[in-house]
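Listed below are the structures to be examined.
You will see chain A twice below: alongside chain B first, and alongside chain C after that.
Take a look at the complex of A and B:
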């Protein structure tokens, strides 16, 4: 008679499997834990200091007290400049790549490879480039305009690739249907492909906005860190990220306001992203898109 | 050249790079009648259809030789206005492909593209086209709902209406029923019968029975030595009852293909 315990090796699954389950669960919990810890800590320390006055007054005592109104304004302006420049350029480049060049063509490959290289360039290199080109060569000095233009260069690769993917995801059926109806390429692009590619554009926008709002190094070299309320795009301006960096690295006793500013930054990021998503959806509904 | 023909195809061949899709097709398609193109898959029927509205231009590496005239117009002349040409020769695809827009906008978009902006005229044309395909009663209360929410058969009828709003002279149909269930397929088939006389209809089908029911004229495509050939074409009676070619006889009796 065969002994069941010797015919097969003992089931080794139980202990090994439990270990694997535990490992998977703990890494998932770790990820959640870290983000809860980070955001929780931030809000715990910073949220209490945020009130209307904090948002609407100028900083005092090198930022240890007072508010962040100039930084909010500078941040919004830098974001505005960066998007106003990068969105039309990015859309145009994405259309060219997705609709007017073969994916295998030399030109298309060259542009795509360049974009991938650009996307991987560290921001401090963009900073040096922006400083040399916009601040010095073009004579913009340390200004919101120079900072916004530098950031536009930085977000272009992400924006273009995401938008291009959006266009490539549009089924070939729509292009054939439009062509068979004698629709022009611009008509097809504007009325059929663009609405269908809008989700890709929205993804690109969200990634780009995140990069702009979080950027510090590139702005230190281009828009500077003057903490006054900017009066024009040619004024130097300190964004929220630069303010946080300055308070925590250069100002003793600035930590509390750094935390409060970080909370404002996180909330601003969420609000702007929600707005971008809402605009994309709303615009699609305007174009009567389904799904 | 017979006076009653719409398409006059002479010695037309299509190559994709070095590969020949079909060659030396000579055929005339009678005006206002239903012509069916039959034959096994992959013998060039769909490619041939795509040459007749120059949709083949979209295919990379495609090269057409020979000539086609449609209503007297030389399709491949360098001066041919491609957009005007495709307005005159509509197309219905195998897979229904309405745009991901509202039902109304699907029909208005091609009209607006061809310069019609008057609101009353747009509304009237849309309603007329939807009535033409028997869709008006089904969708009149939800014209602004997404077209993609329609059923497969309704989508295909919407696509037909979308082609009809442009008042084409001819309609090219590439297996218009093969992606539909039998009931929806019968509805579309009835529509094709009703359009006979008003438009020149060219229908690719794998379905011999459908070709028998629909067609006034039939052409048989076949693959010979790796190239698509038009084996025989003529009135449906000839093709089905007294074909000249042995291959046609075998195929229509169901012994080949």
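Take a look at the complex of A and C:
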């Protein structure tokens, strides 16, 4: 790596050079400034309202006062449904793409291409699809199950991509050694590849969790708005992100609690993303996997 | 079960998983088409662009289904946000790699990664309680195209900055050594060596952020004012296609509901065209 601070001659000379330096530094400063303004403002206004009672009580007065316990519960349930469906499916697809298809095969190329498109589909389109398939055709109505299934479709590309990278990072020697020992492909997969590729799966899982926690649009008309404590997966449930939206747009005087909820959500996501980074850096132990 | 039979079973299950995952996008497209058929049959696609206004009703004859103002809203927010975020994002990446001392550059990259994990509803909320009142002081009503452009620009900035950072990291070290050996200044190296070498990665980043800007729902829904009208200035409120779906889906029935699916189909077509264009211009999509 060229050391950026010493490799270049000091920036005197032309005014163009000075102008460029000023532009680069000021855009970085602008980004930092806006981030501090936004995150600082949120924490400044919201953090003070967060206490144990806020996390464990039901909302009162349409959410203007009271807590966010049902939203936390709904969020966890939606997350659970989404992962329970997408993890086995994604793992299977990733194993097939990484271990059982040649890079040139038509099937593999088609699946990858279609996953790339899927990754770019807007969340509101997932919402339309989820509403049509899960809520109406399958008769689930506005329910946590329908919301979770919709999000399962949404996180699938992220999950498959990271898991596939995990498998690709496993050294070729492992496969040759297993083959030399006469292990079946099933045995190799189960006892050799899966443990070695676990960090990739973990990164995918954590990234998927991050997407589910932050998603709002796809849930508005699949899991719905109901702010009671959900009693089953067929109940409608309001997640934290939908709660922020509803309080700030539809409830006058709901901003303070919306802000506090946003702080809870951002902190949760920071923890999740830090976990992803930590896994990628430490657990990999020298194996190279791009995030 | 013999080992080979087990292997065949495993392979079958895995193929099933991959096929299901691969077919998902087809199923989504099929459902959108299926659900928008009534709108195309009863309203007809020409009326989406020729009706006097957007006053949807469950029966086609009773309503008006003009979508152009919302398409214009979507494209205006997208164009503004991409124009703002692209230079900032690329300069951010250049700052990380070539201007900042390494420790500062790493810290800055962490900040960008942190921003990329913040959900759109939080950006929207911040825009609603902070930016909209500020813009309102300059020119009411505050909830406007400008607010949407600013919030979406901040939102997509991490996407383009991280992609650009990755693209810059791929520039071969020899190029930099050669530039240093020629005594090229820092900016000349960046402008004439690094950016041209990284142009495909940068291009992919721009395409990704454009896709996100078109598809963004929550932020535009919360700060754009949601009035169906062609914007005359950046201070006018607009409604995007995505916001329209999110607003009306909860109560839409019959042909109205079907028209919303048709607008979702339009969004999907835009995204697929964008991906196609990216591939056509930029070669194979970057897989990193």
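Criterion: the second predicted complex is superposed on the first by the 256 of 291 C-alpha atoms of A that agree within 3 Å, B and C clash if a C-alpha of one lies under 4 Å from a C-alpha of the other, contacts with A are read in each partner's own complex, and residues count from 1 in each chain.
As a working rule, a residue touches a chain if its C-beta (ideal position, glycine included) is under 8 Å from a C-beta of that chain, and two chains touch if they have at least 3 such contacts.
Keep in mind the model is a prediction, meaning the values are calculated, not measured.
With both structures placed on the common chain, the touch criterion links A:231 to neither chain B nor chain C.
Using the contact criterion defined above for the overlaid structures, shared-chain residue A:196 touches chain B, although it does not reach chain C.
In the superposed model, A:174 makes contact with chain B only, not with chain C. Looking at the superposed arrangement, the partner reaching more residues of chain A, out of chain B and chain C, is C.
Touch criterion met: A:184 reaches chain B and chain C at once. Shared contact residues of chain A, touching chain B in one structure and chain C in the other: 184, 187, 290. Listed in rising order, the residues of chain C touching chain A in the complex are 3-4, 6-7, 10-11, 13-28, 31-32, 34-35, 87-88, 91-92, 94-95, 97-102, 105, 108, 111-115, 117-126, 128-130, 154, 157, 161, 173, 176-177, 180, 183-191, 208, 211, 214-218, 221-222, 242, 245-246, 249-250, 260-261, 264, 267-268, 271-272, 274-275, 285, 288.
Partner chain C is touched in their complex by these residues of chain A: 1-5, 7-9, 11, 13-14, 16-17, 20-21, 23-25, 27-28, 30-32, 34-35, 37-38, 41-42, 88-93, 95-97, 100, 107, 110-111, 114-118, 120-129, 131-133, 153, 156, 160, 184-187, 189, 210, 213-217, 220-221, 241-242, 244-245, 248-249, 255, 258-259, 262, 265-266, 269-270, 272-273, 277, 290. Within the complex formed with chain B, the chain A residues making contact are 102, 171, 173-184, 187, 191-192, 195-196, 287-291.
Within the complex, the chain B residues that touch chain A are 53, 55, 58, 60, 82-87, 90-91, 93, 95, 97-102, 104-105, 109-110, 113-114, 144-149, 159, 162-163, 166.
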